[in-house]
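Both of the next two complexes hold subunit A, though its partner changes from subunit B to subunit C.
This part shows the complex of A and B:
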């Protein structure tokens, strides 16, 4: 009698196509698992998924918020991707977002009467610089002293959280408690096709990061350093320089997202209450998931961000429409993340059938 | 459904341990010298794109040493893994003492009395030798009786003439002693057949001598030993009874060692004539390219590992450093390449003081470094050949303009370098992970040498390579010498250093023992100096 056996085999080199396949499978499995929760709630999963996407992409309902949220996520994803190409885990998008907020709002409050054409670029520059500086701290500590950048960036997130809270209660306090003053009208992001122009800014950054990685000299150095730091050192590359570079650029991108979030969304135009800005800060962590699912490809990150942004918008909608428990939207994203992490296994091993002989 | 219950019953009854035990009894009962202990028939194993083993018939008798020779990629590792139950053959049969067996896992092989000693030690450094030997033995149980175990292991040591301190921690033991621990571990489990993977590759000449002696003692009884070897042919000749030579997955020759010569063995392995004597070309020495004055450096652990060495190298000269790893030669190489800070002293390269220069500056000035670790340091497995070659090009203005890499030029350069250095790969976009050890070293040479460095630091350039690749590397280094490069050759292989170098220095405990011109160099005296003889005398 022949019993088929299964055996694990190590994968030496993962081709791009296989990697895409694995990512797609993981998403499908995530959906299937989430269906169980929907069924437990007495909802037809197919109906629910239909609702999710029809709401998220309906031009009169969810499309604009979806795009806004998706592009915010794209900022966070890019801020995560570039450092990881060099082997550095930037978990500090949240803190860099807050610091970018500080930079942008400081400029807006100080020179609020400048015309938009001057003020907005200044705000962007300040947001980028503040985020970059915050990222550079972690990059420097890692490159110079070998301090783990994950720990540093996470701790800096907390510091930045309290800094914002201090500012909106003190110097920048607005008429409502725990909110900042409103931004001057000239600071608001102009819209192109109903979405803030920052949407196109982040799309451009995606393309730039892609070419930086694929063609540029520093991109090659980043890739080499990320694959093997000792090989990079043997090739004369400077670990400190590369670590700082990726964290500066990553931090700057995360910093820019602050302007996109607060000045590009009519619900805000100010720094909102702590629970709200913390929720926005928490959303940056989904950039980690998107970045990993896309295998650090900044172009693939665009559709993936839109997909996740749509899920987030759409599930919040079905929670209301189908009267489902609050928090189900987070559960879906969480499930997807878990299945994705589980599927990482297939980046290292493949299951092979072997013939068993009786 | 009777089928399902039958299936389950089959799975349960075929658990490897029980089946193994049953057969082992038969195997162990009074095996006598000269009896066939293991035989394979038509072993075939295919991997995508290659037939790693092609109908291999092999046989070994109790009390025999039967060496398996072959270059990297000849299928040795596959065969070894099949014999030890790590891989299963696609076709073919294995017989142990005439009885057909099938290995589901190494556990089956161990139960049958087959032991394996891996090239890379699999011991726990913080445990004592005895603890490592006893660890995981089925007899040990939950609370090991260490005293009894020690007596048993001691008995084994007496039987085979091993001298080893069983209470020493493994990290304190030398490479040779660690190997003995591995062998003892297998013997303690009742192994009657030992598979040795590259047994002497990490041993010093003295240790090798001792080790070969104990092999002979072991094979006097009923033990059977299969050493798998890629290089170090003389040892095969001195110790084995029979040799089977593999090439490209097939057995190309079986012969009695008595009737073999080194030349013949190499010829069968490589498939063509191999010259063992390198001709040292007459080269007119050029200007001094490197001068090192009283250089010292710390090891990774912060201990002074290089204790003040001075020497100089001229263009067209090969300066050979012979020494056992861990005597400061790697710190020297890294200090010269700019990978390690100098603690004291001076390095002057082409007339400039570069003691504090970065690796990049040194590369740009014309230094080439061939690191001892080929995987992960010398090359990156996930990178294509192009990207690997680019590691020595990216900083050159010719290949990088306005911050962008000129991939067209880099690819062209790669094509040329790859064909010049005979790197076997389908194309230049192949990932380095697919290349064998010899090919990787060729890839590194193809990266470093076409940049025409003025000084080439070759750190263990042929370590672990097969005969063919070793010959290739040595010839290439000679060609570099002819072109007027200065070469610093660091090697553990004394024969290699003697053959290649113009001047030789044994290194011991971070110091050069003496610098000797090749003409006056004698193997025995340098070998003794490598082990610290001269230093002790002078003290």
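This part shows the complex of A and C:
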């Protein structure tokens, strides 16, 4: 690409500050493009954006759902980040979420009369284990046979989607069609400062993942493997072990998000209708964008998740309030994703003006 | 029984169209994991166009064209802007989910009866033969023509290709646009001919199967044809099992999983070292890597 008067220059090291700047620009451009759709719907974009954020952060309206949603996204983001540090694309957060759902609900239905102090940890363990197992499958196939993990994780997502449908239509069917039975009261997540305790769990996990990848031996191995798998093998690292490890941890984190979602939000406390749980599952794909925007930094993912969670809650609210077409909230997120992809260019290049000769 | 076979072949048609386009992309070294998105755009825009204009043909044209536009967009992101191909493909899927939900879900429902697609002998859409012909055309182009040689060399090693005077960027754009057009056509065929309806996220994972068929085929068009035929039957069985096995009573959720489980099994088998030794991989060496001139 050659433009008159401008010159492309390679970015050798992308600093965190520049990455933040690029992300802010990409979000602004995304908002501008999305304004076209708002105008087409006869809505003043400035008003709409004001509504979105004032709703999302209003303590009496959207703040609690925003935090809940944002932390759900943080689970998904962390589940995506760690495998990618090793060069594996975990697109399977959706399936791991569903499998975590199976684990958590199976425990809750089987031992519903246990006291909360025992039942909840058991549910969390089951959710984590089921998610981890699902992740391990993809990690194993990739590490052992080189089967493309993107395709495998997506297939596993679709399998798990139908598994949940089978469960809520069959063994776990509730009194309302296409919904599961309610969770027993002892399974509901206790709250700390009006939010479910799992909010603090996921914050702790981000700190752990940060230290694991930045300071530990295994984190070093993961990073080496991610930048060059052949170099890692020469250094005596075991590719199969690393592939399985990252996918197990990623899968476990995504599995835990199931408990957070269904047992931590009063609108659920059960597995909802397919369209609803699919929408929740689809939201995990946002973990990909958040993870990449944050350059795979688990701590930077916290504020970014809150921002995207707020956008999602706020847009859903204006869709309801201003009677806009359903799906407009999904469209905003889609638009932002595309502008983000375009702005990835600036992760590699910067545009310089040529002075003097022309 | 006959209608089951005809319906399976129509599903195979959809897989074939989308997957042969993706195969062409990949042979030129561009991975577009957004096939599901291309199909969604093609399906939604084709359906809405046919509904508005009352013309089936126009529906197909617009659906195909929109697929091409998003193929071009993927090309712009991944070739010109050198974005990561996986991220760009994901972006297209996520945008497609949002856009088609917002724009097309309000038209959910069947096409009017006068817009039903023609079928040979009342059974099978002629599109099937077009899709098979396309597979052979692309096979011919890739293995017998000068253009095919250029495409393959761009997919194997773009800098060597560039050094021999091939315009890497142009070849890659050509392939992603054709791939996009075919993805859009596959989607339009799904909504306009196969179903004759639009509903929320109509593709239901078919684009992902089409994507998986490419590594399954070991990047060979003829293997792709076989794979699409098999998966056409598997998919059709999963949506109407009673046509083959009435009274089997397998719950819906379980039966609908089967194509996806089958995909994982098939991909695993094809990756076994024994199979790999027997069938050389035609996987393009530069697949998924943006081409950056030094």
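By our rule, the second predicted complex is superposed on the first by the 349 of 358 C-alpha atoms of A that agree within 3 Å, B and C clash if a C-alpha of one lies under 4 Å from a C-alpha of the other, contacts with A are read in each partner's own complex, and residues count from 1 in each chain.
Everything that follows uses one rule, which is that a residue touches a chain if its C-beta (ideal position, glycine included) is under 8 Å from a C-beta of that chain, and two chains touch if they have at least 3 such contacts.
On a predicted model such as this, the values are computed, not experimentally measured, just so you know.
**Student:** Per the overlay, which chain contacts more subunit A residues, subunit B or subunit C?
**Tutor:** C
**Student:** Given the touch rule stated above, what does A:228 touch, subunit B (first), subunit C (second), both, or neither?
**Tutor:** After superposing on A, A:228 lies in contact with subunit B but is clear of subunit C.
**Student:** Once the shared chain is lined up, is A:200 touching subunit B (first), subunit C (second), both, or neither of them?
**Tutor:** neither
**Student:** Touch check for A:330: first (subunit B), second (subunit C), both, or neither?
**Tutor:** The answer is second: A:330 touches subunit C but not subunit B.
**Student:** Taking the superposition on A as described, I'd like to know which of subunit B and subunit C A:215 touches: first, second, both or neither.
**Tutor:** A:215 contacts subunit B only, not subunit C.
**Student:** Does the superposition put A:236 against subunit B (first), subunit C (second), both, or neither?
**Tutor:** A:236 contacts subunit B only, not subunit C.
**Student:** On subunit A, which stretch or stretches are contacted by subunit B in one complex as well as by subunit C in the other?
**Tutor:** Residues 1, which sit in both footprints.
**Student:** Can you check the complex and tell me which residues of subunit A touch subunit B?
**Tutor:** 1, 3, 12-13, 215-218, 220-221, 223-224, 227-228, 230-231, 233-238, 354, 357-358
**Student:** Would you pull the subunit C residues touching subunit A in the complex into a rising list?
**Tutor:** Touching subunit A from subunit C are residues 33, 73, 77, 80-84, 86-88, 90-103, 105-106, 200, 205, 208, 211-212, 215, 251-254, 256-257, 260-261, 263-264, 267-268, 271-273, 292.
**Student:** Applying the document's contact rule, which stretches of subunit B touch subunit A when the two form their complex?
**Tutor:** 6-7, 10-11, 88, 102, 337-339, 358-364, 369, 371, 373, 376-383, 387, 390-392, 394-395, 400, 403-405, 407, 431, 433-434
**Student:** Considering only the defined contacts, which subunit A positions touch subunit C in the complex?
**Tutor:** 1, 37, 89, 91, 141, 145-148, 150-152, 154-156, 158-159, 162-167, 169-170, 275, 282, 285-286, 288-289, 292, 325-335, 337-338, 340-342, 344-345, 348-349
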